[in-house]
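Both complexes below contain chain A, partnered by chain B and then by chain C.
Moving on, here comes the complex of A and B:
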């Protein structure tokens, strides 16, 4: 179910697994944000759910001291040694799907309890899909990316496929 | 065939006949019928037998409150069977199979009806009184009897082939009930731009409007107005209309559960369609527009088939075009039944009489009855009925004061009753909103609210469609405003409204003996008025006790018809006013809900999350036998042809001890602890010292709780001064991370250290055995693997088979061992390469069972198996793992508590059976002296026990009181039929000097 880029087309929504991007979990105290921003060339957002992009790097704020940092292959960011922080690679921890189409939010609502209408494009959040922890990003009005830890992927992919069949059947 | 169908009348499609079966008989209905309306159209009132007395019963209502007409439905194959479906809610379709319940051999002749003759034995509380002695009768007689008698219908015996869906939904305003109040609320809220969800449990929206076609609203006929309103609402993008959808429960923070029935009304549902969908709706505002439920009247013989609610007769007439009889009699205490009688007469039924207990019935009603040829009988009561399978006559008598004159019989084939109306407050009750008693209407009305909701229309005691529309419009506007919209309430010009009024009665007065009257209060549970009085006489004072003693209101309808009548009778018997007696609590679900809807997607493969490692598919292809470990599935052993578990595990163990074994250790929990204070943090969390551990080295770590008991363990590698790679047990990963975060955030927020779960970042392959280095060495770049350069408990970053890796030299088997961590996506490729390269070195894949045996041979504990949350490091023989010089760590103080150092604690020891071939049972209890009388004192239990292939004998570990002092002593393990003798030993059974690591 988790074959790369395998897409399931159903009425109004497509689910495709994305190739892994270099991904880090960045932790540091908010006081040190200015230095970190300078070092990364990225205006790390302070508000939880905020997303910024600069070139090939983008950061999603997941907590008061936590950011998910996506980078291009080979671009390993570094922060000054004297700046207390933790930068841990988690590229392989997660599987990410793009869920897009006019009924994308409807499909996600089979597992996500949050009000997706309140998640505007360009925002993200840590949430749960069914009982599985997930990170959800609204890339556009009809386009989301959903990341879950790798071992949960077949479970979530199976639910998404059931949901697509449900949407396709019209009831 | 459908003699009782009025051509052209009703909302059914007369041009589309539908055939289904009831108890094997083919019934022809019409598209739009329910099973109940189709049966009535064929003149069938008898639809079931009652629960306790097996009395013949007919349909009472036209809605979801139906207590009697519960049927079994089969949709397609025998596996799509459901008992206790309400015939008033199940729509008919070609091929539907239905059956009556609780009868044998047939519905018309039921042997169980003997109970009815023995009714004196089956009074309230008869379970408690009857099934007491002799004790021996319980298992063989009473319990089987009660179990057979309990419940209606038969349980489905086959797995449910249907699937069920779930959805989450957010909206501004959720409106429950699409009658006049709900529709008006929807119009106000929707026109204000609010996100509106309007739900109704019936197939068609409209509620009362479907049964009151004579109404005119804003100049249009009621049905035209309804059609236009629904058209307007469904055209709005901010409105979602959901019919066949029951609001089953109202939970905290304005969450309402909806059960939507998607396919039960379809002859051929689309493939992949779920049968039902459970919606979890979080609404800013909820409008409860559930209306009111008509009350039955309580009198002798009020349960014969043909006795039904007058409003139901009106609904069957107007909505389904069905006459409930040729010659009905009406008995009422409320005006609404007079109007029903007039509608029935206008449709051609010969209404014989309207019996009304009230003397002061409005003259206009009496006059209209006379005009229509109906005998009005104000100031009269009903004292009995006749008829076995269908009511045949009713006995009516004049009442003056407390005197009931002798009566006369009026022949009839239906008796339509109306005891007034009860506001439907079920969902409001779910919120724990309080009720107040309204003496004027004799009803409980909503009072103090606990959730953001509005109650509109008959649900708060407002009678009549005009009042409901106006109230609904206001409630919708209020809700939309509260949800942040600018809203106004429209007004409606209504003509032809018949609000009416009535009085409240307990039981109809009678000249007979009330002690012998079969005057039913709860039809479904067969509770009569005299049962309730008996309960009060026998000492029940609280309405909750009366309910449980009599089972009044405890059937699947939760007392929708019976609770208020039961309360009135109890309040009279207790000589207390109704509000002091109080109402029992309604609980979710509002109507019976399938387990499937509640389970949703949690079935088959998705019953529970199954976590799989990157190497899982390989193990599966090899025919591995899996076992669940936390949410993971792990390969337990890899049987070859002809091998059972014992043989496979023995072979796997031999391979590790003699050549090399490969093990998928990916499930081990991993936490990356990073920051300048990383070492300080670990010093405080774990018992061991970390400050002086050099980068590139590892150490076993032991984690205690505040109580000093072992919580978790694992190897921790120091990658750099400020970076540790912590491993945890498979099942403990999330727990340990939570515990660490808890301490970090609440106790030591000053530390500059952060925790990141990396369990899933890495796939881990363990190579264990004397050939491990030979296999690994050629694949490693950037690292000297020799014992001198990379000794036991070393860690390094390098490449293995071209993949960036974190390589640990560690051993959970006592053999030379390595654990190779590579990014998870490469786990399978690494495994395949090692497997291929390993063939020259006798490589064998081993599972968790062999891993358990190998570690037990070395006396390594498994947290949660050899410990149980009450074991200290001293108990487990792990004092060496405690950093004695450390000022503090989590649990340190507890280790010095008097009880923790006192004698008598259970301590971990080895156990060797006298007979080396005997393998003890894990969990078996241990005694010191088996010749002592029973019950013997248990001094401990076996925690781990295996056949050790390396030692050629069994080994075991056990927790035994003061076990460390019992070395060499023989203890006993009593088992069924024999007692096994075993000697206490150390726990390191194999290679106690650890020579095999020094290579």
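Moving on, here comes the complex of A and C:
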């Protein structure tokens, strides 16, 4: 793998698999947002694509009633039993890569049809990478994280490796 | 590639994120048992299939996951507008007048 690493650095972009983080899927009616915000200590964003961090907890709004929560190890968010909601742990569902470097957006554009320039740092979205559903977060100008369901991981990793090789060759 | 405006995400996004879901504004009969075979057939299978303006459902499958409605011209393949599910069929003549 070392030769690959060197090759990939030459491509102006590095791809690394991240250690799994505790991740939850939260479904909730927007009317119940104020109560949920209070219980979680997180100002859950209402706008789709919005990302909010409070301490070790982070929430990304994926849909009008859907959020993805990332938490630190051992931190288990809970909502009051009387509040209608679904909060499910999905830590093992996805594989997450960090894709960073000056050509990170270019590498992602091999699989994502969306205009990545329109995704500003500190925002995220659910989209498709190489026809696989993926959650993309723009952590910084040149840094992204991409999560796909585990069963598609080898397909996506293969596409990323091909893309890196293409960039390294100057294609 | 078509660009489609998702009324929930309030963004115009590539077609690859969306899935087509048939003609819009077809309500399931409140009492299916009261329908004749012909009426049930019409509900299930008979669609308007117009040449020109078509009201249709789309789903933002790889995105917010919502169904919404769109007005598309089947000749030019151009989307005239999209609107949230559950809203009434928009008045197109009023829209045209407003645009002119």
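Here is the rule we go by: the second predicted complex is superposed on the first by the 162 of 171 C-alpha atoms of A that agree within 3 Å, B and C clash if a C-alpha of one lies under 4 Å from a C-alpha of the other, contacts with A are read in each partner's own complex, and residues count from 1 in each chain.
As a convention for this text, a residue touches a chain if its C-beta (ideal position, glycine included) is under 8 Å from a C-beta of that chain, and two chains touch if they have at least 3 such contacts.
Remember, predicted model here, so these are calculated numbers, not experimental data.
Engineer: With the two complexes superposed on chain A, say which partner A:169 touches: chain B (first), chain C (second), both, or neither.
Structural biologist: In the superposition, A:169 touches chain B alone.
Engineer: Decide which partner touches more residues of chain A, taking chain B and chain C as the two options.
Structural biologist: The partner with more contacted residues on chain A is B.
Engineer: Between chain B (first) and chain C (second), which does A:113 come into contact with in this model arrangement: first, second, both, or neither?
Structural biologist: In the superposition, A:113 contacts both chain B and chain C.
Engineer: Determine, under the contact definition given at the top, whether A:128 touches first (chain B), second (chain C), both, or neither.
Structural biologist: After superposing on A, A:128 lies in contact with chain C but is clear of chain B.
Engineer: Check the residue A:93 against both partner chains and state whether it touches chain B (first), chain C (second), both, or neither.
Structural biologist: first
Engineer: In the overlay, answer first, second, both or neither for which of chain B and chain C A:139 touches.
Structural biologist: Neither partner.
Engineer: Applying the touch criterion given at the start, work out whether A:48 contacts chain B, chain C, both or neither, answering first, second, both or neither.
Structural biologist: After superposing on A, A:48 lies in contact with chain C but is clear of chain B.
Engineer: Taking the stated contact definition, name every residue in chain A that is touched by chain B in one complex and by chain C in the other, in rising order.
Structural biologist: 113-114, 118, 131
Engineer: Okay, in this complex, where on chain A does chain C touch?
Structural biologist: Within the complex, chain A touches chain C at residues 48-49, 62-64, 66, 113-114, 118, 125-128, 131, 133-134.
Engineer: Looking at the complex, which residues from chain A come into contact with chain B?
Structural biologist: Touch residues, chain A against chain B: 20, 25, 27-29, 65, 84-94, 109-110, 112-118, 130-132, 149-152, 154-155, 158-159, 162, 165-166, 168-171.
Engineer: Which residues, counting only chain C, touch chain A once they are in their complex?
Structural biologist: For this pair, the touching residues of chain C are 1, 8-11, 13-17, 61-66.
Engineer: Quick check: in the complex, which residue numbers of chain B touch chain A?
Structural biologist: Chain B reaches chain A through residues 163, 165-170, 262-263, 269-274, 280, 282, 601, 605-606, 609-614, 632, 672, 674-676, 752-754, 756-762, 823-826.
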